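Two complexes are shown next, each including chain A; its partner changes from chain B in the first to chain C in the second.
So, the complex of A and B:
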């Protein structure tokens, strides 16, 4: 993944999560992954197009998703209902949008697609021929992994 | 064999008094070991693997075996191979008198019985299994993988050997071949040929070094760099004292690898090196030239390449795909500031001074290079390449990954393309690669 793209995603994830969740946010070590990735339980996927092609996935387990949705809505949610799903989708939107804005300032033009939310057990998301950058973020609600797989349009 | 020449002692009679003494001091004794001395150091072997202890004189010499196989011995009817651990571990041995009695430990590994000759046998020591510590590279003159652990007892430090690793399959294959009771020659100890022994001990040394390099510095020896590793041994030997040929620490490994790295690693390329590489590159009239630069590190290599290629192919659009899997190194590459000491007349015209006085390459040069944080052992989604520069990359990948990457090169390189590897690396012979040489730099193309 192009070096210039990395920082905007890392910074956007950190900024938005700090703003929206409060509490302490810690970034884990970045690494590259090339195989299909099992989803932790809840995954929000945002497509990217323009100068690049690819996608960003925000991956977390169900209990983290519930806690985050509860925190963002300022009320305790009991089930992963439509409101909770919409909240996680919104979080994905916020982070990706800020990253794209930062990239725009650097001169790169990206388009976003509306997010899609995947929930379930034992799911895997595979990309053909694309290597993914994993940015693990530790929040007080649990672990969120930002999984970016984009490559330049050749 | 005349039995009055040998004495045999049963081990089991010895250990009872020892354990009674120690029971007062040690909480739990659940591991017993036979201790012995080799070149002044204390070693030990798990007693469960020791069959007995013996003192023996003449062994029947068997020709055509490794130098550490002294011969065979008749142990009450069983013919067993006798191995000199001192020669096996390449520790200097004082020459043996033909009739002197040697101390010998008889061990059983995977149903094969061996005799091991050592300097002297001490006693059986009982210890607590939990007090065995894993080995530190610093402890061994001998290859660390043969050390099961280290344990201290009554002020003495014993290095516990893992006989399964030492004598497992590999040796039992060799000695099984060489022992055939019908073929035993007359009982004569043949004189050792000094010259032959020296050659084999060098080979042993090199093979130990090949084993420790991956563990200590992630350098994997394979047909790509084998030649250099063997040649390097000669100059290495001159810098080390007799018992210290082995690599026993990361520092040692670093010193061994000192002469491996390609010229101008981590710096902008010198004029001489740039023109040497330049003469190696073929003429190319194409409008677009694709270059793959793997392991670009901080970026000095990619920028040097950009300047070189711009001058060699002034009319072409050049695209350099620069990768490295070390995020910290490559993350700064697009904005790399060149230190004053490296600003030579060659590069000055391409540099601009930014805020704070730092010199970086101009936009035109930077637009030529695409820096990516990428692991080349993952799927490589690059277009077909005219030039591939992968200096000192293959040697730090495991052999399977090396082969996979070389196969990738073969797929991605255009028919008339050229690959340049590290100064001391080469494509494996007879694998479909043709070598061209200019001065002392080699390039490889497809057959």
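So, the complex of A and C:
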């Protein structure tokens, strides 16, 4: 996986999380995964197809998702309801839009799918023939992992 | 004892969302994201605007505009929506009412679609993430405030 694909998502995640959450955002140690990856509880998945193909997942546990959704709505949300889900979906939209703009500026052309939100316990993500790079972002609301599996179109 | 009430406040201003006669500008919010629709609604109502209806897709947005017209002063229109996208909905609203005031709400990276919308008659656009000050400025400018 080329580093040019990863950096725009990491930078966009940092910028958008800083803008919408405030507080300090710290990037953790990134790591590669080529086998099934457990999902933390709430995962927004965006597909990419074009010059590059693959997917990006914004992964967090339910508690972090609730805190982020509450912060973005400027009110305490009691349950992970449709509004909370819409909020996390919009967060994924904002990050991906900024990342894609940077990738387009680098000359890559591709389309995005609308984010799909997955919630539940004991979920795993498996990618066929592509490694995933996971970049943890530590926020005041908890950890958000930017999980990128992208390759040149075959 | 002199109190604050004894002096007119030079810093107070009427909310931007109110017309000269004291009634509120009426806004139709068209967005498939419950979060974004709520955020726009909160920003607008905090400044005196009245959100008269919301629609979660372009088709519903067009139908609601036709029902509400002429009692809607402005439409905020998301671009990417199911059933009917914002560009098509804009075209249909402009065909129905050439004086319609539509402000597009766009994610970053949709510049070509925003340009298309402006050529089709949209009055302005706002890029997400929504900034309260920018939202209010753009909408006020479209309404001639």
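Throughout what follows, the second predicted complex is superposed on the first by the 154 of 154 C-alpha atoms of A that agree within 3 Å, B and C clash if a C-alpha of one lies under 4 Å from a C-alpha of the other, contacts with A are read in each partner's own complex, and residues count from 1 in each chain.
FYI, contacts are C-beta pairs under 8 Å (C-beta built on N, C-alpha and C of every residue); 3 or more make two chains touch, one makes a residue touch a chain.
A quick note: this is a predicted structure, and the numbers were derived from the prediction, not measured.
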Fit-or-clash call for chain B and chain C when the two complexes are aligned on chain A: fit
Which superposed partner A:97 touches (first chain B, second chain C, both, neither): second
Which superposed partner A:16 touches (first chain B, second chain C, both, neither): second
Vertex chain A angle, Cα centres of chain C and chain B, expressed to the nearest 10 degrees: 160
Contacts of A:32 with chain B and chain C, given as first, second, both or neither: first
More chain A residues in contact - chain B or chain C: C
First, second, both or neither for A:6, with chain B first and chain C second: first
Partner chain(s) touched by A:82 [first = chain B, second = chain C, both, neither]: second
Touching partner for A:111 - first (chain B), second (chain C), both, neither: neither
Nearest Cα pair across chain B and chain C, whole Å: 25
Touch list for chain A against partner chain C, complex: 16, 19-20, 72-74, 82-83, 86-87, 89-90, 93-94, 97-98, 100-101, 104, 114
Chain A contact footprint on chain B (complex, rising order): 325, 327, 330-331, 333-334, 370-375, 378-379, 381, 383
Touching residues on chain A, where the partner in the complex is chain B: 1-4, 6-7, 30, 32, 34, 129-131, 133, 151-152, 154
For the chain C and chain A complex, residues of the former touching the latter: 33-36, 38-39, 42, 80, 107-110, 128-129
